[in-house]
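Next come two complexes built around chain A: one with chain B, the other with chain C.
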Partner chain A sequence: MMTQGIEQIPDSLGYLMLNEDGAVIASGGQLENGEKIANKLMHLIRIAIKMPTSDERASSFKKITVMWKTFMYVITFSNHRVFICKRQTNSPEPIAV
Partner chain B sequence: MGCCFSNDEDKDDDLNDPSRPLINPISDGPSSRPIGSNVVDVAALETQGVDQTEYTDRATQYSHNLSSWCASTQKVRGPPRLPIGVATPHVVLSGQPISLSDIQLITSAAQQAARSLQEIKVRHKEDLVVPFGVP
Partner chain C sequence: MMEKSIEKLMDEIMTNPGVNGVVCTDAQGLVVAAQGVGRKSTGGQMTGVLDLARDLHPDVKDEPIVCIESDAGSLLLKSCDGITIGIHKTNS
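Let's turn to the complex of A and B:
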């Protein structure tokens, strides 16, 4: 399956699959044809992947979560693709400021 | 073909006249002005003959120089490569969201960093500009 099952994630509001250049390859739900949000998240990803997460150069993070009060974007990578899922935030009190 | 040159002798009295042509082809002949030294006449240049073997020799040499130069420099800068990532993206995406304590940790860290940035001040120690012999 091309989208590797990300359209079947429970409590998903939408998904995006991007290539390494940030072009939308597949999309659905609230993120259908969401090129604007894809560009914004790609900008964030390019900054994030420059940040070292440990002393080992090769090691990298697996997941980025961008949180809002009611939803979040969860981002991961696989096979030179970016997978983004917009999910509902279930916790009743997400951020205590 | 356009040409640009500047020479003190060219500062004619009618410089400010907007209707003055840039070059007067009749009066600004090559004999009356030193245009010849300032203009490269491409059409009149003799083409230097390069025979086939020299042409291929040069092409080989240039490509060799280019590849050795490229090898010695840093890799070509482009957008950063994506991390290797995970084998099953849908499992990672559908996993448990990050914990509340982690969110509070990063929120407070960001707030502290922002506060620290705001508190950066310049302390005056000595004059940056020192006057020399100003009456």
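Let's turn to the complex of A and C:
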């Protein structure tokens, strides 16, 4: 299955590729066979994409990020597919002086 | 009194570079205060998205931050102590 390089993203903990209906096309890592999380994420995406981000009406959608302290979900769309990547949050190390 | 301090806080947020709107809602999604682009925001959607985000990992204690980005701008959402704040930013 072509996943278009989503499995090669640095700091990735897992990935999901869904079709427009929310069915899992490909998955891996912590999100392998993650049908339950895919359903929850699709529910969130359907509401989030309708939200206005600016006063311009014709602003095309690009990306949704759901962030916690240690990890995040990065969601984007391409070619009628939903790409979801679970990534580790990289907190920069304090500089030793 | 509370409204006054929220308004003051929102004025402060609006002075940050790139910020063109702020909206603040209560736990039910009712808009408490809004400024700039935030006046067009729907509070219910904001709290709804954050509730769903929290539901992804109910075991994680810290509150999630949701960022919705488009070509024209981005919207950052976070809730704290039952109050949800949405910040609209331009992409400049």
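Keep in mind that, in the parts below, the second predicted complex is superposed on the first by the 85 of 97 C-alpha atoms of A that agree within 3 Å, B and C clash if a C-alpha of one lies under 4 Å from a C-alpha of the other, contacts with A are read in each partner's own complex, and residues count from 1 in each chain.
In this text, a residue touches a chain if its C-beta (ideal position, glycine included) is under 8 Å from a C-beta of that chain, and two chains touch if they have at least 3 such contacts.
Computed from a predicted model, the values in this text were never measured in an experiment.
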{"item": "Clash or fit (per the criteria above) of chain B with chain C on chain A", "value": "clash"}
{"item": "Touching partner for A:S54 - first (chain B), second (chain C), both, neither", "value": "second"}
{"item": "Which superposed partner A:M67 touches (first chain B, second chain C, both, neither)", "value": "both"}
{"item": "Chain B versus chain C as contact partner of A:H43, first or second or both or neither", "value": "second"}
{"item": "More chain A residues in contact - chain B or chain C", "value": "B"}
{"item": "Segment of chain B intruding into chain C (one of 60-68, 96-104 or 114-122)", "value": "114-122"}
{"item": "Those residues of chain A which chain B touches in one complex and chain C touches in the other", "value": "49-50, 60-63, 65, 67"}
{"item": "Of all residues in chain A, those that touch chain B in their complex", "value": "4-6, 8-10, 12, 15, 20-21, 45-46, 49-50, 60-63, 65, 67, 72, 74, 76-83, 85, 87, 89-91, 93-97"}
{"item": "Footprint of chain A on chain C - complex, ascending", "value": "20, 37, 40-42, 45-46, 48-49, 52-53, 55-57, 60, 62, 64-75, 88, 90"}
{"item": "Contact set on chain B toward chain A in their complex", "value": "79-90, 92-95, 97-98, 100, 103-104, 107"}
{"item": "Contact set on chain A toward chain C in their complex", "value": "37, 40-41, 43-44, 47-56, 59-69, 73"}
